[in-house]
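Dropping the structure in here first, questions after.
Naming follows writing order (A, B and C), and every chain is counted from residue 1.
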Amino acid sequence: MKRKLVFILMAVLSMVAAAVVSAQQKPVTIVHWYWADNPAYSAQMQKIAADFNATNGRGITVVAQEYPWDGGAYSETLFRAVIGGGGPDTSSFKLTSTPLFTANKLLVNLDDFLAKWKDKDKIEPSLYDTMRKASGTKSVYVMPWNTQVLYVYYRPSLFRKAGVSVPKTYAEFLEACKKLTMDTNGDGKTDVYGFGMRGAKGGQEPWGSFIWARGGNFDNLTTPQAIQGMQDFIDLYKNGYAPPTAPMDGFNEIIANFKSGKTAMTVHHIGSSIGMVDTFGDDVDAFPFPGGVGQWTSMGDTENILLASSKNKEAAFEWLAYLATGKGQEAWCVATGNVPVSRDVQQLPFFQNNRFMKVSIEGAPYAGIFPILDTTTEWINTIWPNTVAAALGGKMSAADAMKQLQIGLWGK
Amino acid sequence: MSGRRRSRGRRFPRTVRFLRALPGYILLAVLLVFLLFPFYWTFVTSIKPQKELYGSTVTYWPTEATFDSYRKLFSEYNFIRPMLNSLLVASVTTVISLTVSLLAAYAFSRYRFRGRKFFMTLFLTNNMFPTVLLLIPLFAIMRRAGILYTPSALILSYTTFTIPFSIWLLNGYLDDLPMSLEEAAMVDGANRAQAFLKIILPMLLPCVVATGAYVFMTAWNEYTFAVMFTNEGNRTIPVALKNFIGQLGVEWGMITAGGIITIIPVCIMFFFAQKRLVEGLTAGAVKG
Amino acid sequence: MHRRKFSPWPYLLIAPALITILAVVFFPVLNAIFMSFQSYDLRRPSQIRFTGLANYATAMHDPLFWQALLKTVIWVAVGVGLQFVFGFMLALLLNRKFPGRGIVRSISLIPWVTPGVLIGLMWRWIFDGNYGVLNDLLMRLGLIHDKIPFLAQQSTAFPSVILTIIWQGIPFFALMLLAGLQGIPEELYDAANVDGANAFQRFFLITVPSLKNTIFVTTLLRIIWVANSVDVIFNLTEGGPAYSTQTLSVYVFNKGNTLNLGYASTMAILLALALALVAVPYLKRLFKAQEESR
C-alpha cells in the first residue's frame, strides 16, 4: 500500500515538474522591427538574432524584420502599425519619437525589468536619466542601445596647406573656416570650402554647437547669444566658406563633399568613420567641436523599445538586454562602429584603439540632445530646414529666424 | 485638285518623303534623349566605382566599370523576391481592375440611367483624397480582415484606387467609339454582349492595353501602402529600394542597379503588349 | 438606344466597382472627414475633442496654406500643360511607321516605369550643385560660368521639380493618346487630303475633335493625379528650401506624418474642394461632349 502511494506521489510530482518546466520553456516568438543603414548591417542584425535564438536556452525565437529608415519615417510607420492594432513586440527607436509613443501609452514601463536586471549597472546612469527626461516622467520607457557623439572631421593635408592648426576654441574654429577656403588652381573660383555645412534635415545637430558656443541654449532661442550663434552660421554661408548648395545639403552631400576634397571640415559621428578611413587612410582625423562661452555637441542615439501590445514582455526584455549588454551589443557595435552603451564593451581593445572613438569620448562630457517635446519631430523634419534655408538665402534675418524656430519648438 | 492621287506615298520620290519626315524624326530624337538620358545616367551610376561618383570632373562613361552591385543584389540581397512579389501584386491588380472597370465603363458609356452622373462623379472624387490620411484605418481594416502581410492586402488597396481612374479612362475611349457599330450589329440580330465582345472589344483593345499599363504602373511603383501592409516576406520593389537608403546615406550602386533591374522587364513586357496597341483598326467592322 | 424603361443592367455592371470601393475606403474617408472637425493630433491624444470649424479657420489664416495652394496651381498648370503638349507630340510621332517602332514605344515608357524613389534620387543627382551632370552640360556648352545649385536656391528649386514631373508624365499622355489615335479611321485623313488639307488643318480639324473625350478625360485625371502627387517633390526636396516647393499635397503629407491628422485632413478636404472646383466645368463640358458624340 505504501509503495503504491509513493509511486502515485512520484508520478504526480513528476507530472507537475514537467508542467512547470514546459511552461518555462514554452516556445515564444518575439517580432523585432529594425532599420539598417545598409545590407551588411541588416545581415548583421539577422545574425545577432540567430545567435540569440540558438543560445538563449529559454525557447525564445526572435524574428527580426527590416523596415526602411526612409529619412525617419520609420517611426511613423511603426506608430501607425501599433496604433492600428498590429506592430511588433520590440523595435529600434529614436528618442525624439518618445513623446508620441508615451502620449498614446504604447510603451512598457521598464523600471521593474531594470530593477531585476543583473547587468543594469553596466550602463551609465546618465543615459538612464536621458531616457527618463525624454519621456517626461520618472520612469524609463526606452532601452539604451548605442550612441554617437558628433565631432568635426578634418583633413590634415588641407590644414597644412592652409597653415591652420586644430582649433581649440570657437573663435579659432571660425577663423579656420575662413583660412581653409582656398582657390587651389588659380582660376578665381573656390575649390575648397572651409566648412561642409548641413542645411537639410539633421543639420540642426552641428548647428546647435554654434548656438551654445556663443553662450545660448535651447530653452530660449531668442536670446542675443543664440541669435549671435545663428548669425555666425549664416555668415559662414554668406561669406562663401561653405558650398553654395549648403541649404539643401544632407548627409549624402556633406560626406560626398568631404570625400571628394571639396570641403576641409564637416561634422558627423563615428558611424561614418569606416568609410572615411577607406577613402583617406591617415589623411582624415577628427577633433571635438570647440567651445567658446559654452560648449555642446550633439549626441546621436539609437534605442530599443518594448511595446505594450506585446504578449511576451519577459521574453522581449531578454532580447533587449542581449542587445544592450550581451553579445548582441558587442557584435553590433563592432560591425557598425557605434559607441557602445555597455561599459564593458567600451573597454574592448577594438574601441580603445580607435582614434575616432577617442574623440567621441572626449566630446561626451558636453554631449547633449535637443529638448524632446511633442513638437520636436516636426521641428526637426520641416521647421528647422525650411527656416534656416530662408535665413541662409538672405530672405530672413537671424533674429526673425530664431523667433520662428522658438515658436516652432516651444509654441511661444 | 484633279490629278492628285489618294495615296500620297506613291507620288513623291523617297528622298523627298524622307526630308519631309525629317523634322518629325529630329523632334522624336530630341524627346527620346530627354526621356532616356536619366535612365542612361542611372545605369552609368550603377557601374561607377564610388570614388568616381564624387570626382571633380563628371565622367559620362566610367573609367572602370564594375558590376559588383548587380552581383550583390542577387547573391547577398535576394532581390528576386521583391521582384516576384511586385509582379504578382501588379498583375493580379491589373486583371481585377480592368475587368471590373470595363463593366462599369461600358455601363456609363452605353446606358443612360438615373444616378449615372452621380456615380461617375463619386468615382472621380474617390481619388482626390490623399492616401496618407487613410493609412491608420486601412491598416486596421486589413488587420481585422486577416489579410495583413499577404499580397491580398496590397491587391485590395490598389484595385480600390485604380478602379475609378480606369473607369474614367475606358469610358473616355468608349465614348470616342461611336455607337453606330454596335447598333448595326444588334440590328443584325446580335445581343448586347455579343456586340460588345465581337465588335467593340477588338477595337477597344489598344485602350485596354493602355489602361492596363496605367494600372500596372501604379501598382508597381506604389510605396505608401506597400511599406505598411507588407513585411519582409512579401515586400515589393519600391520598399526594397528604400532599404538602400539608410541614415548613413545612399547605396548608390545597389539602388541604381535595383532600379535598372526593375525597369527592363517591364519595358520588355510592354514591348509584347504594345503590338496590340495598333491592332484596333484591322478588326474589319469599321470598313463595313 | 435611349429608352425610358428601367433596365437593371447598368446598375449590375457598376456594382462590383462600387462595392469594392465602398467596402474599403468609405469608412476611412468618412473618418478622415470627421477628424477635420476635431483637434485630432495623435501627439496629444488626451486633447482630442470636437472643435467644429476651428481647423478650417486656422487654415484660412495660415500663410503656408495659401502659399501651398498657389504653388499647387502653378505646379498643375505648367506641369500638366507641358506634359500634355509634349506627350501629344510624342504620340503623333510614335503613330508613324518606322523601323524599330515597337522598341521605341517600349522605351518611351521608362520615366513612367521608374519607381518614385529612384526618380527623386536620380534627378537630385542630375540637379546636384557640385557633381551634377546638368551643371556639367550647361558649363560645357558655355551657357553658364558657375555651377547653379538648382535645388538649394528658392528661385530655381520649383522650376526644377516641375521639369521632373513633366519628364515623368510625358509617357502617360503619349501612351493614352496613342491608343486613342488608333481609333481614328484612316478614311477621314484620306478624304481631307483629297480636299487639299495641310498638316495643321488635318490635326486641328480631324485629330483633335476625334480625340475630344480622350483628351478631356486624360487631362482631368492627370490634373487630379499631379495635384495629389507627393512622391516626386518629396524625394527631391521634401518641400524645401524654405517651403518653395511645398505644394498643398506635400504640405498635407508632411502634416500627416507629424500625426496632426485633424489639420492635415482639413487641408486635404480644402484641396479636394479646390480640385472639385476645377473639375466641375470640365465635367460639364465632358458630359455635354458625351451627348454630342452619341
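Things to note:
Convention: a contact is a pair of C-beta atoms (placed from the backbone, for glycine too) under 8 Å apart; a residue touches a chain by one contact, two chains touch by 3 or more.
Bear in mind the structure is a predicted one, so any value in this text is a computation, not a measurement.
If each chain is drawn as a node and touching chains are joined, the picture has every node linked to every other. Between the chain pairs B-C and A-C, more C-beta pairs are in contact across B-C. If you average the Cα atoms of chain A and of chain C, the two centres end up 38 Å apart. For this pair, chain B with chain C, the centres built from the Cα atoms lie 15 Å apart.
In chain C, 131, 257 are the positions where the chain touches two or more neighbouring chains simultaneously.
Residues of chain B found to touch two or more other chains are 53-55, 136-137, 242, 245, 250. For chain A, the set of residues touching two or more other chains reads 71, 83, 256-257, 260. By the touch criterion given at the top, residues 1-2, 7, 9-11, 13-14, 16-18, 20-21, 24-25, 27-29, 31-32, 35, 86, 89-90, 93-94, 96, 98, 102-119, 121-123, 125-126, 131-133, 136, 167, 170-172, 175-176, 178-180, 182-183, 185-186, 190, 193-196, 210-214, 216-218, 220-221, 224-225, 228, 230-231, 249, 252-253, 256-257, 261, 264-265, 268, 271-272, 275-276, 279, 283, 287, 289-290, 293-294 of chain C touch chain B in their complex. For chain B in complex with chain C, the touching residues are 1, 4, 6, 8, 21, 24-25, 27-28, 31-32, 34-36, 38-39, 41-42, 45, 53-55, 58, 60, 100-101, 103-104, 106-113, 116-117, 119, 121, 123-130, 132-134, 136-138, 141, 156-157, 159-160, 163-165, 167-169, 171-173, 175-179, 183, 192, 203, 206-207, 209-210, 213-214, 217, 220-221, 223, 237-238, 241-242, 245, 250, 255-256, 259, 262-263, 266-268, 270-271, 274-275, 277-281, 286. Touching chain B in their complex are the following residues of chain A: 35-39, 41-43, 65-71, 77, 80-81, 83-86, 251-252, 255-257, 259-261, 271-272, 275, 279. Here chain A touches chain C in the complex through residues 71, 73, 76, 79, 83, 99-100, 103-104, 189, 199-201, 243-249, 253, 256-257, 260, 262, 374-375, 377-378, 381-382, 385-387, 389-390, 393, 395-396, going by the rule given at the top.
Chain B makes touch with chain A in their complex at residues 51, 53-56, 72, 76-77, 135-137, 139-140, 143-144, 148, 227-228, 231-232, 239, 242-251, 254.
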